[in-house]
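Below you'll find the structures, each written out as structure tokens.
Look at the two complexes coming up: chain A is in both, with chain B in one and chain C in the other.
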Partner chain A sequence: MALPFLSREFLHILGTGQGGRGLLSVAAIALGVALGYAIHLIHAVAVYEMEQAARSLTGEADLVVQSLQGGMDESWYPVVARRPEVAVASPVLELEAKVPGRTEKLKLLGMDVFRADALQPAFFLGGTGDALDRLRPDRIFLNPASAAWLDAREGGEVILQSGLSLVKLRVAGTVNIPGPPVAAMDIAGAQAQFGQLGRITRIDLRLVPGIAAQRAAQSLQSVLPEGIRVEVPEARAAQAAGFSRAYRVNLNVLALVALFAGGLLVFSSQALAVVRRRSQWALLRALGVRRNELAWLLVMQAAAVGALGGVLGVMLGYWLAQAALDLFGPDLGAAFFRGIAPQLAVAPGAAVFFALLGAAAAALGSLSPALEAARAAPARALHAGDDERAFARFGSPRAGAALIVLGGVAAWLPPVAGLPVFGYIAVALLLIGAIVLLPWLSRAVFALLPMPGAPLAGLSFAQLRAAPSRASLSLAPLVASIAVAAAMAVMVSSFRYSLEAWLDRVLPADLYVRAGGGGDTAYFTTDAERLLRGMAGVERVEFARSVAVSLSPGRPPVMLLARQLDPAAPGARLPLIGESLRPGAGQLPLWVSEVAADLYGWGVGGTIRLPIGGRMVEGVVAGIWRDYARSQGAIVMEREAYRNLSGDERANEAALWLRPGTDPGAVARALAAAFPAGALETALPGELRRISLAVFDRTFAATYVLEGAAIAVGLAGLSASFAAQVAARRREFGMLRHLGVTRRQIGFMLACQGALLALVALIVGLVLGSVISLILIYVINRQSFHWSMDPAVPWAALAAFALATVVLAAATAWVSGRQAMRREAVLAVKEDW
Partner chain B sequence: MRLLVVCFALLWACGSVVADGYPMVQSGRELRFPDDHGSHPAYRTEWWYLTGWIRDGEGKEYGVQITFFRNRPRVAEDNPSAFAPKQLLFAHAALASPGHGRLRHDQRAARTGFGLVQAAQGDTDVRIGDWSLQRTDGDFVARIAAREFRLELRFRPTQPLLLQGDGGYSRKGAQARQASYYYSLPHLAVSGSISVDGATRQVSGTAWMDHEWSSEILAPEASGWDWVGVNLKDGAALMAFRIRDQQGGTLWAGGALRSRNGETRILAPGEVHFEARRRWRSPRSGATYPVAMRLRAGDLVLDLEPLMDDQELDARRSTGTIYWEGAVRAVRDGAELGRGYLELTGYWKRLRL
Partner chain C sequence: MRANPEDLLALRGLAKSFGRRSLLRDIDLEVRAGEYLAVMGESGVGKSTLLNLIAGLDQPDAGSVVFEGRELTRLDDDELTLLRRRRMGFVFQAFHVLPYLTVAENVALPLLLNGMPRQETDGRVAELLAAVGLGDRAHSRTAELSGGESQRVAIARALAHRPRLLLADEPTGNLDADSGRQVLELLRRCTKDQAASVVMVTHSPEAAAFADRVVRLTAHGLTAA
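Up next, the complex of A and B:
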């Protein structure tokens, strides 16, 4: 029987009556699948590009000898090169070079072309000029992405910053490295031009044939100090892939929310259909269709709707991914992949998986109504007026409460592989639990609300109160979307509030000056420091040095910040959270950011071993501070201690306190005049604050749009459900019209009911949303980004949101009711007799 | 990286003027040993060239070539970096065995530094990682770990040095500055081992060594040269070369013939003639080489017959060119008079940038 019958049933769900809701279910599922699939595609491109980039930088190396912090002394190169297991050792000085006037750095590889060539013949420095350009210290070779980014071609000039002076390099040709912007030059030239004499950052190795990489790595490691690590290149690629994780996770949540909403719409439409077509199905049962056949049929019917949504979603997702890549690049604007045009790679397996995900969401949504329809006794169901009994089955307070308790428990569980898996599960359980509780909850709310005196309002209220289960079915999508939207609003507002407070704490000085901002090639020398201290109007200057420190092979490096601060009162400079410790004499105090503390499991009083200046140094965690700036973690130590340990006298940043009455702008101008154009970046704290908040707002603009979309889906669900109900309640409205109630009055009744339902949805949704926002703040965000924040409720915004929802719901109910009321009342009443 | 195309050009073919900063090769400088066995880093180019015939215990014959080149590119003279490419070293090694059908060869290229790569002054001591050539106890010892073979060979002089040209000042063109300092060591007794095809064999034989340094050799119109060094059976030694122009004509020629009793006759440009008797076309590079030649050097007429045709060496990844360097028999009227090596350059592409 299955196929013709199924196809007719399938068409039925999309056809008149249920059409609006059916199409909406398809659309919501398509949206969820599209989001998920687009994120998957973009992520696949990002990972591929990252791996390609990491691989192309290390060539076909079997092993990479890597310093954990600040490069290594070049004298390790002959030590490694002479080892019997090594066939070719290629020394590399990899620099993040400051390009004056640009925020992003240029990755610059100082290489020994002879060694690099022996290691990776495909790696090709090409140019039309003299081949000795490859050895000249003032020549640079650009890969296609960096040529595009710097808008430079062969024969042109690239200016990079070294210290606070500028280095002019002639573009001598291209370097055949795919992926993000990279430039190459001779290693000796790079050392001399960028103040890196005696220093290299890594040695790429080809091993003697027949030696296992792991064994060679062990024996090499045994002759190297702890601060230098031998790694297989795959570890570097894995580290690269970690970058995109944070944004990926967040977008996936949004995709799941959309899928969930889609499943919910399927659920409520099927649940209504169960009621509306109860007698038809009872007839089928009476004609001999078996119970599980009917259930199977209904689930398959929903799955077909879901599959349609899934297929549409995959197509939409492909288009979305392409558009996002064209607009922002594979890192969605995070600037890891400047200047490359990545290609989407479509794997059929993934596409099928995402389409099936849509089908599965719909099938799951229909499961409970289908079972209910199959369970109904045919004899009773054939009678009219059995609707409410059918609805009543859907809400089970016990199951709902159990789900909510489970959700509460899940929220306390630790992350899985660094991902807040249980956090998401907690949110899902809470949402489902609340929806299961909805009939019971709405009954409770209706029971609490006083009956209005006006006859029409009273009538509409009485209708709702008499049929709370049916009402709650229309509410489910709305409640879910209100909860999600409110939770996101609270989370974003908490984040923004905490960020503002944090910015006030970390920007105490009058003027900030930066040389290169974290790059390897731009820094203040001791001479420049002296000059800065002597500037007119400057009362006090605090310098900071930031260097990348690699602590774990699978993780991106942590920033080590050497700052001038008073170990007795670190809170004057650092936004400390929780307890802190006065380190004992002879101990090296370290203040770690909470990101670092989370990632590496550090607590106050614990000891950390850090590679500084080529050896391992032990320090004590004296405090934990909040840091929203460095997502890979940061460690602060006293600058004096850092200088003594590393011998590194350089600084990247300076904070200037000015004499009273001094114009910071004038000091900034004087500074700009004292150094080469573009060598320094100066900023007032106000500017920095404004820029940071603007970046924040831009980043979260997408979530506001999604909140709006969530509410639209919820209201659309409400509208479709009203239309369906009005159609189902034709007899009732026809009766009222016979009793003299005008069409306009019925419209008013429907608007009242819409507003009332919205009110219930708001009460449930906002309570649920606040709980979910706590999970977002304390569990999901904390576990995926390791940032803590203080909850802050955007009262005004929520109030406006609530008012708008009630008004929109009333309007929606009225409009959809009017549409359904077009048919003549007489006909409607006639239908029943 | 075709970096080396240019290094090659610098090695052999210089521009029309001697670049500033390189010492000029002049006549009248007396060569002094062992100092002049060592490196002369001030000059633009230098090479140590060992070629020979060897035979294993089963009587199987091989041709062997070991060459170290030095180049001073003068692009980073004042760079304080330890990586500064002040001196570049290249090396080629080749093993010809007729049964194998093609030349087995390998190459190295590197900048000097860190004790890994060096060309010492004072005596021969050139090394690029695990490739080295050293003079110890008067013998030259070469160790080469190539992709397809390994060489551990000792070259013992059996005759005095042969100073080429005018006491080691060897003209290479019409201009007096187109010249090199050049001496040879013919009739070197070879002993040691080669490892090839998974087996290590003891070998012995006879070889020839050239050591030559200069700052400018080729005239700008030159496109390559033919060179041969033959150890004659009677103990005599013959070196002959000609510099070709782009039409294949002779721009310059020269040579030396030292009889078994040590009398050396320096050959004037007009006394050396190469004539192709048979050509072989390389299926890889497409270049055609006159692998069999009739050589007239003074009164001596010899037919040069290759040990095998395919002795082409693809050195594009080090010195940036492809040339033919092969073991040859010196034959007259069907009788073998001696054995040596023939070098044919500039047949693939003109030896220039």
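Up next, the complex of A and C:
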């Protein structure tokens, strides 16, 4: 008997006669599902591209022999190639090549053409030139992404930097590597052109069929020194995926917020819809519909609405993801994927899952109101005015307090697999707990607020105060979105404030000069160093060398920074945090960045073994410093010690202190004239500061959009429930119109109520938001990025935000309640109860 | 026909139809100051519609409504609203007392709307509640009242600001015979005390008996009963 009835009911809630509120809950679900699904799609593309890139770089190798720092001598190649387990061995020199005038590096693979082809056929795709092009030292092969990025086509020229001079290479064809920009050339040519004679960075291996990779890895490792490690390619792919974690965490937060806000919107609109028609349900019960039948009917109705929203949401989500990809790329602006036009891959399973998620959210949202409607005594529910009793059942102070306590406990738990799983759970528990507490909280806030003296404002207030549970249901989405928006605002502001303070600490010199920071192919030679020290107006120069050091097979390499600093006073150069240690004689002091300390579990006084110059070296952690520049971790050691251990005389960066009265701009111009164009980058500290902050602001621009979206969702919830509330109180407003309340005054009352509700939402939401911001700062952010920051509250921005919310809520309420101002509303008084 | 200066309210040639259905045609009616008038008629004949036109809550298709010498059809919504606020009172079949206000607050509402300072309303409210026999219930929640008591609160509210005209649509429709009689007695006594006019729509001849004059609305127009 339920089915035909269900279908008619379904049409009923979808709109006709319901002021389109059914459509609104469809839209709410669609929005939540769309955001979640879009983020999922973008995420899937990003991970796919990352893994593709990592896999294709090692071709179809079974094992990779990898140098942990600075490459290995090529004499290791015949040792490995002659092992009985090895079928094909292909030596590779992998360089991060500096492209003059660009900040991002180009990954350049020097390869032995024949061996590379044996490992992975059709790797080099020759162009129109002859086959010998692959062996010529001045030819380069680009993959599609690098061709797009460098805007170079076959026959064209690519200029790369070697030391401080420039190398011209002719584009001879393409290299078959999907994913981010990569170029390849002959290994001997690369060694010669980039000052790497006799060095390789890794050897890709194909094993003799039938030999297990793990066994072969063990036996190979036994003949190799500690600074060279045998790895299975999957570990490298995992490492590349780990590289994308920073932004993945960001995306997860977005998805979480979207789904949560959508779910809340569904809950509040369902609860309002069910309660509004409470007397109809009571009538059905009186006519003999059983409890379970009624609850089932209501939940199924909601699920049907949710499924419709889910399907629409999946379509909208696909469109959103495509638009976001077109606009920002799969990393949403982080530039890991320059030059690629990725394709969305639609897996039917995921699409169905997200559509069902919409149905499930709606069904769950209606469960509690449906059970309430089924449980209510029909005689009482038949009477109008029993709504508040129904609403009051949705809140429970005890359950709310328990959830909040659980959330507090979860915030203290450690990360799971390097992800702040419990941090997210803590945020979710706090949000849900606060919402469950909301009827009680809003009653408390209403009791605290003074009754306005003006009759209409007083009336509005009395109306709200008499039905705190109903009011709090309208508030739930708004409270959640205010809390999330405020938490993000505080987190971003704390981050920015800490970054500014950090920049002030780490940029003490007058002028900074860089030769392709962090890349392998650009550096200062000793001659260049001498030239720099002798420049007119230069008082003192400190050089720094940065090299990548691989410490753990599952992790990307850490930056080793060799710089001039006084071991007795490292705080003069490093923004140290916490205690530091004076190392004893004969000990090698190391200062590790916070990120490295977190990732590898290092503490002050502990020892670290590092591969330097092909040997393992032991050092002592003398201090931990804050570093916002290197997300994979960094280790600082004295440059002198590094030079002695490695024999590496090169440097990448120089900090210049000038004589008083010298114009830094003039020195920068003189430097530029002394070296080939584009080989050096000079920057004033003020410029670096400004650029860093600009990059920061651009990266976080998306969060401002999201904050806006969160508030829009919250206001949509408010609007939906306001419309419902006004519909339910038509007669009351009609009576007031009889008593001589003008249309404008009704509008004023509605606006007052909107503003009042926003005020309550702000009081609860801002308190909740500041607690969540602490979790973001100390738990989620710390555990996923390993960056600490000092909390800073953006008071002015929050005040403006609060004011805007109140005004918008007043306007929303006024607009949503327009039906109460219509002429017909006056006559509603005559409707029968 | 010229308007009689003694008439508080005068309807002339009033007509109203909804869609094709013509409901009221050529209605003429005068109500003198202080007069208690009952309008009877079958269900659906247009009695409530007539009250709406008198209150300026709806616009007639033709004819005029003159209240205290002012032509209501020429006033805009705000002016009509202010007129209702100052000069009219309403009693509804379904009471419509606000559940979230106390008895006293409900009665004070029209006074506050008319700009009386809150402190000064107490005396008037007490006087009215005493008049309707609810002097001891001033601070009760209206949800705790019976139907008859609710309607007495509604009468006190309708008269609080000393309106010239009180419009009542089936004021006893939701009440049992005993409470209905009490309410009607009260309504008559209080309006006479204040010299307010009443237009009361009712089905019941017993109720109509409380009026000074009874008219009957039929499909053909208004006739004296």
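Note that in this section the second predicted complex is superposed on the first by the 813 of 833 C-alpha atoms of A that agree within 3 Å, B and C clash if a C-alpha of one lies under 4 Å from a C-alpha of the other, contacts with A are read in each partner's own complex, and residues count from 1 in each chain.
Operating definition for what follows: a contact is a pair of C-beta atoms (placed from the backbone, for glycine too) under 8 Å apart; a residue touches a chain by one contact, two chains touch by 3 or more.
The model shown is predicted, which means the values in this text are computed figures rather than measured ones.
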Touched partner set for A:Arg82, first chain B, second chain C, both or neither: first
Touching partner for A:Pro137 - first (chain B), second (chain C), both, neither: first
Chain B versus chain C as contact partner of A:Ala188, first or second or both or neither: first
Which superposed partner A:Leu739 touches (first chain B, second chain C, both, neither): second
First (chain B), second (chain C), both or neither touched by A:Ala466: second
Which superposed partner A:Val311 touches (first chain B, second chain C, both, neither): neither
First, second, both or neither for A:Leu197, with chain B first and chain C second: first
Residues of chain A at both interfaces, chain B in one complex, chain C in the other: none
Residue ranges of chain C touching chain A (in the complex, touch as defined): 48, 52, 55, 57-58, 77-78, 81-86, 88, 90, 92, 94, 96, 98-101, 105, 109-110, 112-114, 118, 143, 157, 169
Chain A residues touching chain C - in the complex, by the definition given at the top: 385, 453, 455, 458-459, 462-463, 465-467, 731-732, 735, 737-744, 823, 826-827, 829-830, 832-833
Sites on chain A touched by chain B in the complex: 74, 77-78, 81-82, 91, 112-118, 121, 123-126, 130-132, 134-137, 186-189, 191-192, 197-198
Sites on chain B touched by chain A in the complex: 1-7, 9-10, 73, 75-76, 79-85, 88, 109-111, 114-116, 129, 317, 320, 353
